[in-house]
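Multiple structures are listed underneath, in structure tokens.
Heads up, the next two complexes both have chain A, just with different partners, chain B and then chain C.
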Partner chain A sequence: MTGTGAAAPRTGWPAISGVVRRLPEYMTIWVPLLLSAAHLVSFSLWTIWISFTPSTLVPVSGWVGLRNYTAVMASRNWKIAFDNLLLFGSAFVLLSLVTGLILAILLDQRIRGENVLRSIFLYPLAVSFVVTGTVWSWLLNPGLGIQKLVHDLGWTSFRFDWLVDRDMAIWTIVIAAIWQSSGFAMALFLAGLRSVDADIIKAAQIDGAGPIRTYWRVILPTLWPITITVVVVQLQFAISAFDLVRALTNGGPGIATQLPALVVYDLMFQRSQLGRGAAAAVLMLLILLVVLLPYAAWRYVQRRRATHA
Partner chain B sequence: MRDRTFAPSRILIYLLVSLIAAAYLAPLAVVMLNSLRTNQEIAQASMIGWPKQWAWSNYLAAWSGFCVAETCAGIRPYMLNSALVTIPATIFSTMLGAIAGYAVSLWRFRGDNWIYGIVTLGLFLPQQMRLLPWTIVLRDIGLINTLTGLVLIHTIQGLSFTTLFCRNYYIAIPHELIRAARIDGAGFFRIFWRIILPLSAPILIVTVIWQFTHIWNEFLYGVTFTTGQQQPVTAALIALSAAIADIPQHGVQSAAVIIAALPTLLIYLLGGRYFVRGLTAGAVK
Partner chain C sequence: MSKRYANLEVLKGINLDIESGEFTVLVGPSGCGKSTLLNIVAGLDRPSAGTVEIGGRVVNDIAPKDRDIAMVFQSYALYPSMTVRQNITFGMECRHVPKAEQEKALASVARLLQIEPLLGRKPSQLSGGQRQRVAMGRALVRDPLLFLFDEPLSNLDAKLRVEMRMEIKRLHQRIGATIVYVTHDQIEAMTMATRIAVMHHGEVQQFADPDTVYRYPANLFVARFMGSPPMNTMPARLVAEDGGPVVVIGAGRPDEVRLRLQGYDAAASFVGRDVVLGIRPECIAEGSRGFSGASGAPIVINAPVEMVEPTGAETIVLLRLGGEPVLARITPDIRPAPGALAPFALDTRRICLFDPVTERLIA
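On to the complex of A and B.
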């Protein structure tokens, strides 16, 4: 269990020389792990502490209770960001689940060129959100992209100007995010479909179930643990989304596509409101915990059940 | 449901799959074509179109010509910055993660579960919780606005992923192997070097690809902790589109986007299988 050798003598001096001899080993094991763990714990605690101080341009000590939190939550910026997060999070997660599932089912039909197709659906994941956001900002720009193309082709009344439409702009982020990461859902679903017991499928077919019925009643129900994993991973992305919005809309038009991560950045580095910025970051963490804690509990129960079965 | 006859339903499936594949490829195709059209041609028509004359000079301008923030050296210095951050940080985090993963899974020591549990919390903790502390730490050790500072950040933060990847891989190695080697007198490093490392090629490839892709594509730390000539390419792309918003040069910008995306796309094409394995390994935490 422990790393101390059984043969080490118990007398004082040789034991110390043993420790010295094994110093490189201890250092190699502990220094990276301690650095990682210490930065996670101390950085989190420090940010939480700052969120309760009156810090603005520089960190200062002092105690203002929840004043930073109430100020952030009362601000129009945060309210819009939070509403956007609810809309963006649910639309993006739901639509990328559906897209990923459809793609996985299509690829599961023993089609030719499956490997090539799978690579096509997955390649956006290798590209940065900055690149994705920039490219989609061109495609969705009404004077430059799809709308302009359709106009040039002769259909001049065609309108697709969500990027500059306050009410619809958030959907451009949904589109780009789905393009970027529905392949992830597909990959996980496809692995799930491939691991369904062939005997169950055969039994369903013998019972006279058609392909759609077999999928709906027999195969898809086995996928729900994967579905939960996909939902949690995608929500985690949605909650901390920053690069994509920065490159695609930069929060605009106006502040119509503001998201929590942009509010944090704005408060910390553009308005020099460190206390409020830290409070907004902690609020992001809390939103994340609302998603992650039930997931962790569910995983724990699953694992217990698996070991007891 | 899984027969190979060419029923109408199968034609429909192929049609549907091809359509969706085209939609996924379209943005890349549009940018590639644009990177070969002149700025005037794009300005007259739209971003979507076939080049009338092949403007290869866009790539030269993107690589070493256009100006960002009063420096006219193209995207080259920022690509170099990204490489100088990504390559060392990938190597360091992978090496340290492999050793740490081996230590917590096979060597075992007092407190290993605890420290491993805390380290993996790093997979979930939002970057925003660490922005201010990193600012202060980097300033105190004199690494603010340096590439070394970014290497440090990505190495330490990458440990959460690399340790998890390697630990989950090593846990399947039989403990008897380690026990036998220890009875023969092999120590921590010898076992790692002679037994663990030769078995590690698949997981090291997965880890390197994962780390490289993530660090290369990272934006928030790059834009927060570096400015001007020190920025990685993701931050430079944003600065570029802001800098030439007045006089659009979409041909050159498209070429810059392609160049910036090329390293990770190439790695994806070469190591796609390992890339996907990393994705699923990262998901099933």
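On to the complex of A and C.
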């Protein structure tokens, strides 16, 4: 028997035995971190570089300056995608916030079957976006889904054909996205509601505040840090939304529900314009930064304030 | 004002009658039901049986806000998103008190509690003591029939606690409010209360003024709960001798202690039986001490010292009386040597005798 390795820390290898003991820790933290950072950073940089080249079907070197960007931004496709993003992003974030909050408040009334309901509301989150998109594309299809059901029930003048309506199709994406992710907002809000000191609610009760006033003036204001987190996470999803839209409307009818991620895909893989696709992708990254940088700054200020208090 | 409950799981047959203007302290170890009792008075909890009356009105079916009460919570329960000003006026806002009146009430309370400079701040920007004041301000501004305090000082550090204790007492003397105050700290109870209700296992063990609770504890629980260090209790035997009853500690031992009692007529039926003897640590002092009001020379006993704890203001001595461990409070400059015999003076007038079976006070 030789007393070497991690089991012999006393023989003069304390540093190495320490490293060995903490190896699982390093493996689980650093390896994935380095791998993902390498992927993320290297491919981001590569995409940025491509966006300045005249690449079409395959990457080529060369320098075209901002030409890809101006071309993308001038295209009707991108303009529609950007307008859609503004509408979809704000409507989806706002409505999923409100839906999640209402669900959380209702669940917070100490009702029976809360655990079951909570799971039901959270379940869509476990479903892949492609599945959500496909299922909703059937539900919203006038010839297959809700409209057909109501027609079959006898109300034949009922119309619910947003999916094929150029002006309303974007709202079908909003509906499906809310279905998918308002459970997430609910879970966070519910945790926030539950962390409110019970004495505060008692104090409001003694002060004579009714339930609505208690929620509006006392409880909900304590939730705004959670609200910001929810908004940022949902916005991130909205900006990068791809699979849901692709499965639900595929940008259609026509290009009525085009979103930036679809434009990137379209340019890169269907029109073989790698440079322009990369430029669109970088533009998406910039939009994300517009959301994330203020959030990071806000978090930083919060943390500073917490340590100073 | 009276409150009566019966058969609540955690509260059994509570019957307290509190006079207007009284400062009643509910004191007891954690889990004794004192906070539940307070919540029932506040209307945040319902009694399973019995009635609660405030100001002669049965309030069982009246919502907390209409009971004309104000409550101060252990966690202060300040509304985190509101400024101090809004915290204090929120109740008046809910009751639709006119703005001008709100301002007046706010100003007078802020002046009383000296929190005027804090009115614009949020609770998170306040220290513990300041939050405490704001919580009291929120209660005071209502000018209710009854104030309820739920362990309001237990989150403060020791120094601040003493300050706030005095301040609350001064406040009570100044505005003559009726207060029900819950605490687990017997010193708070002794210092502030006009009457103390000692609670244990959901029952009121004793409801009396602080001096009575201290001097004549109704039972062994009260005797051991009130006072710091608590009352010494030990088995003893009551025997008759010429000139009155004598209580014997450690009967039959070579170091047995015999103490002649005077004025313990109520204990006559226990002569010749076992009792539990209770004696406060301050009734045992160094041998040269004379107790105020005592006639003749005090009883001095030589007893073995086990341990000495100097606290600065006094010295706590653990000694043995008839083999029983007993704490004594002696002057700080005397430090008897552990292991040696030392003389101790006993004030036998303040001895309590308890029935060993029922644990109730005999005399």
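Going forward, the second predicted complex is superposed on the first by the 274 of 309 C-alpha atoms of A that agree within 3 Å, B and C clash if a C-alpha of one lies under 4 Å from a C-alpha of the other, contacts with A are read in each partner's own complex, and residues count from 1 in each chain.
Note that a contact is a pair of C-beta atoms (placed from the backbone, for glycine too) under 8 Å apart; a residue touches a chain by one contact, two chains touch by 3 or more.
In this text the structure is predicted, and so the values were computed from the model without any measurement.
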item	value
Superposed partners chain B and chain C on chain A - clash or fit	fit
Touching partner for A:197 - first (chain B), second (chain C), both, neither	second
Contacts of A:168 with chain B and chain C, given as first, second, both or neither	neither
Chain B versus chain C as contact partner of A:205, first or second or both or neither	both
Which of chain B and chain C A:28 touches, first, second, both or neither	first
Per-residue touch tally on chain A - higher for chain B or for chain C	B
Which of chain B and chain C A:228 touches, first, second, both or neither	neither
Minimum C-alpha spacing, chains overlaid - chain B and chain C, in Å	9
Intersection of chain A interface sets (partners chain B, chain C)	205, 210
In the complex with chain A, residue positions of chain C that touch it	39, 42-44, 63-66, 69-71, 73-82, 90-91, 94-95, 124-125, 138
Contacting residues of chain B [partner chain A, same complex]	1-2, 4, 10, 13-14, 16-17, 20-21, 24-25, 27-28, 30-31, 34, 45-49, 96, 99-100, 103-104, 107-110, 115-116, 118-119, 121-122, 124-134, 136, 156-157, 159-160, 163, 187-189, 213, 216-220, 224, 234, 237-238, 241, 250, 253, 257, 260-261, 264-265, 267-269, 272, 275-276, 279-280, 283-284
Interfacial residue positions of chain A with respect to chain C in the complex	197, 199-200, 202-210, 213, 217-218, 221-222, 309
Complex contacts: residues of chain A adjacent to chain B	1-3, 22, 24-25, 28-29, 32-37, 39-44, 46-47, 50, 59, 103, 106-107, 109-111, 117, 119-132, 134-139, 141, 144-146, 148-149, 152, 179, 183-184, 187-188, 191, 201, 205, 210-211, 214-215, 229-230, 233, 236, 239-240, 242-243, 246-247, 261, 264-265, 268-269, 274, 277-278, 280-282, 284-285, 288, 292
